[in-house]
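Got a structure for you, questions after.
Labels for the chains are A, B and C, by order of writing; each one numbers its residues from 1.
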Amino acid sequence: MSADVKVLVAPRDTTPNALTAALRKELLLQWRTRGQLMAVFVFGAAALLLFSFAIGPSAVALRTFSAGFLWLGLLLSSTLTLAESFHIETEHNALEGLLLLPADARALYYAKAIANWLQLTLLGAALVPIMVVLYDAGTSRLPLLLAVIALGAAGLSAPGTLYAAMTARLQAKQTLLPLLLFPLIVPALLAAVKATSLVILGDPMGELRSWLGLLAAFDLIYWSLCGLLYGRVIDS
Amino acid sequence: MEAPFVSTHRFPWVLLVAGVICLAAGSWLGLFVVPAEHYMGDVQRIMYVHVPTAWTWMVVVLFSLGSAISFLFMNDLKWDTRMEAGLEIGSLLAFLLCCQGAIWAKPTWGVWWDWDPRLTSTAVLLFAFLGILALRKFVDDPTRRAIWSAVATIIASIDLPIVYFSVKWWNSLHQQQSSPETVASTFHLPLRLNAIGILLVVIALLALRSRVAGYRLREQLAEPPSFITSEPTGELA
Amino acid sequence: MARRYGPRWALSGLTLDLPAATAVMLAGKNGAGKSTLLRILATAIKPDRGTASIDGFDVVRDREDVRKITALLAHQTYLYESLTARENLAVVADHLRRPRTRVGPALEQVGLASRADDPVAEFSAGMRKRLSFARLLLQEPRLALLDEPYGALDPPGFDLVDEVIASLRRGGATVVMATHHWERAAHICDSAVVLDEGRLIWQGAAADSLAHEPRWAS
């Protein structure tokens, strides 16, 4: 009995899946534009300096509010980095080019949000020494502080990436992005400031856990919600 | 997307008149007839407006959220007109709530703003809604404007309870402060009258405002010049 | 099919059938609706009225399927300024789930092999156009939609475009090309479609089109 035997030998699949492909692109782009991140860091450090002038030379006051200043500085800096992350996509309409390949919109969102999150975490970490010096806000619990910064940055990045996508092509993008983003991230800001404060100044009543919980819940809700809605936002 | 249908019946005007009558009656009762509250005095009378405004505001926020979700699922611009009305009226009510809260706080606590969780979350949502209204001003394409503001409205509305809880926790570290509460049953009649009154007025305003939005959209999405299907004049090779 | 931008209808009342494996020239003045039509076929935008189908796939309902078999060469280059030519194509290859080894040959085909590792920011308009072509070739489309393919190119570039179109056709693809270069296109295309103010006003053999509307001949 003879049979036509067709053996399909699939080539070894070395090609990445949608999220990996998008992530590789984002990280490469971030590496290429790292000079800009440097400029944003200087902006953030300058903001921290200005805040200290607004308070005056009271060491106690500076130390008490150091967490708030750090997060305000990071929030202001985020409007720059988030906007820039979409400027490169709209410059030559590269985002549309990817969507037409076709590329999965959700994967594109999460890759961009992850990249923005990494960038903000890095920025936050870089601002910590500035905070320590200007406000005498040192702490020995550095890993915990970095974890809090990472969680807070995630809260900024998810909705920030979505709104940056929306406002990228609008005339008033510089005003609209913060206008839309700031009211939204109030819970994340509150929780991040509180948690950071507790790490720096001490946590006698053990509240850190509940604030980190709030932050984590906020992150979870917004990473899922924004990912779900992104497809509709970048549709033409 | 197709232009939305705009209804023309007079019912909203009826509601408006009825609502104003109820509001007038309830306010008169609350301001002049009902005795002053035992502990807080005349300042407490603001509750007769504040509490109904707060209830109605919650209804409007839910209405906006519902309209936003409906639009995303049904792609019918009439939901966008309703959402636009909800956003504007919701912003107005939120602003009124903040003013009422400040008016109550100053004589009671000596400060204009007391970081009460309810008022603070109202203020945050006020800014969120104003931001969405600003966004709408800058997007020309009606479909894109509708989609984006629907997405933003959903995100802002879901944020509201989270803001409330975070401010509540944050506040619990400071002294407990509260905004006016309903107390004894003698105060129920003016409260209920005002609640119905404000609700009727707001429903009427929502209906009328969404009609305005509908008319504007119809103008923007006018019919095309008559379609002419041209006959090909040559053979395709 | 119809499509509007605010109060202006860019396409109105267009009905068209295009056979497979041909090259079609899309002609008409600026603002005639050529780009809009191409973008609708590429699923970059949706028609407001009516619909289009490509190989049986509907551009609105089966968008993903249409995108898999079409490729658009748009006015905008879809490039990332800070990446090199090679990297730009690698990003495309990754998203297409194709191996990166295809990038080199694509660059060679468009004559950019020597500039492969230079950042796009340093490229001239003509080089960017060539890179856009390489990008299109990577997609291996069954329907290639070219919006002003000759734009920004020099005469050797024109020949490149003709070669690319020829190689696409050899592979069995259909090519729809919107262009102002009437004569050149008429020589390499099989048929022509002329639009004016969003309406189809003439359709026929490409060679005949020249005779039909001489005032548009460049």
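Please note the rule applied: contacts are C-beta pairs under 8 Å (C-beta built on N, C-alpha and C of every residue); 3 or more make two chains touch, one makes a residue touch a chain.
Only a predicted model underlies this, so the values are computations on that prediction, with no experimental measurement involved.
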Chain closest to the middle, measuring from C-alpha centroids that were averaged per chain: A
Farthest-lying chain, centroid of Cα atoms versus that of chain B: C
Intercentroid distance (Cα basis), chain C paired with chain B, Å: 48
For chain A paired with chain B, centre-to-centre distance based on mean C-alpha positions, whole Å: 31
Chain A-chain C separation of Cα centroids, rounded to whole Å: 37
Interface hub residues of chain A, defined as touching at least two other chains: 236
Chain A-touching residues of chain C, taken from the complex the two chains share: 42-46, 63-64, 67-68, 70-72, 74, 76-83, 87, 91-99, 135, 139
In the complex, chain B residues that touch chain A: 72, 124-125, 127-128, 130-132, 134-135, 138-139, 144, 147-148, 151-152, 154-156, 158-159, 162-163, 165-167, 169-170
Contacting residues of chain A [partner chain B, same complex]: 159, 162-163, 166-167, 170-172, 175-176, 179-180, 182-184, 186-187, 190-191, 194, 210-211, 214, 217-218, 221-222, 225-226, 229, 232-233, 235-236
Chain A - residues contacting chain C, complex: 14-18, 20-22, 24-25, 28-29, 32-33, 88, 91-94, 96-103, 236
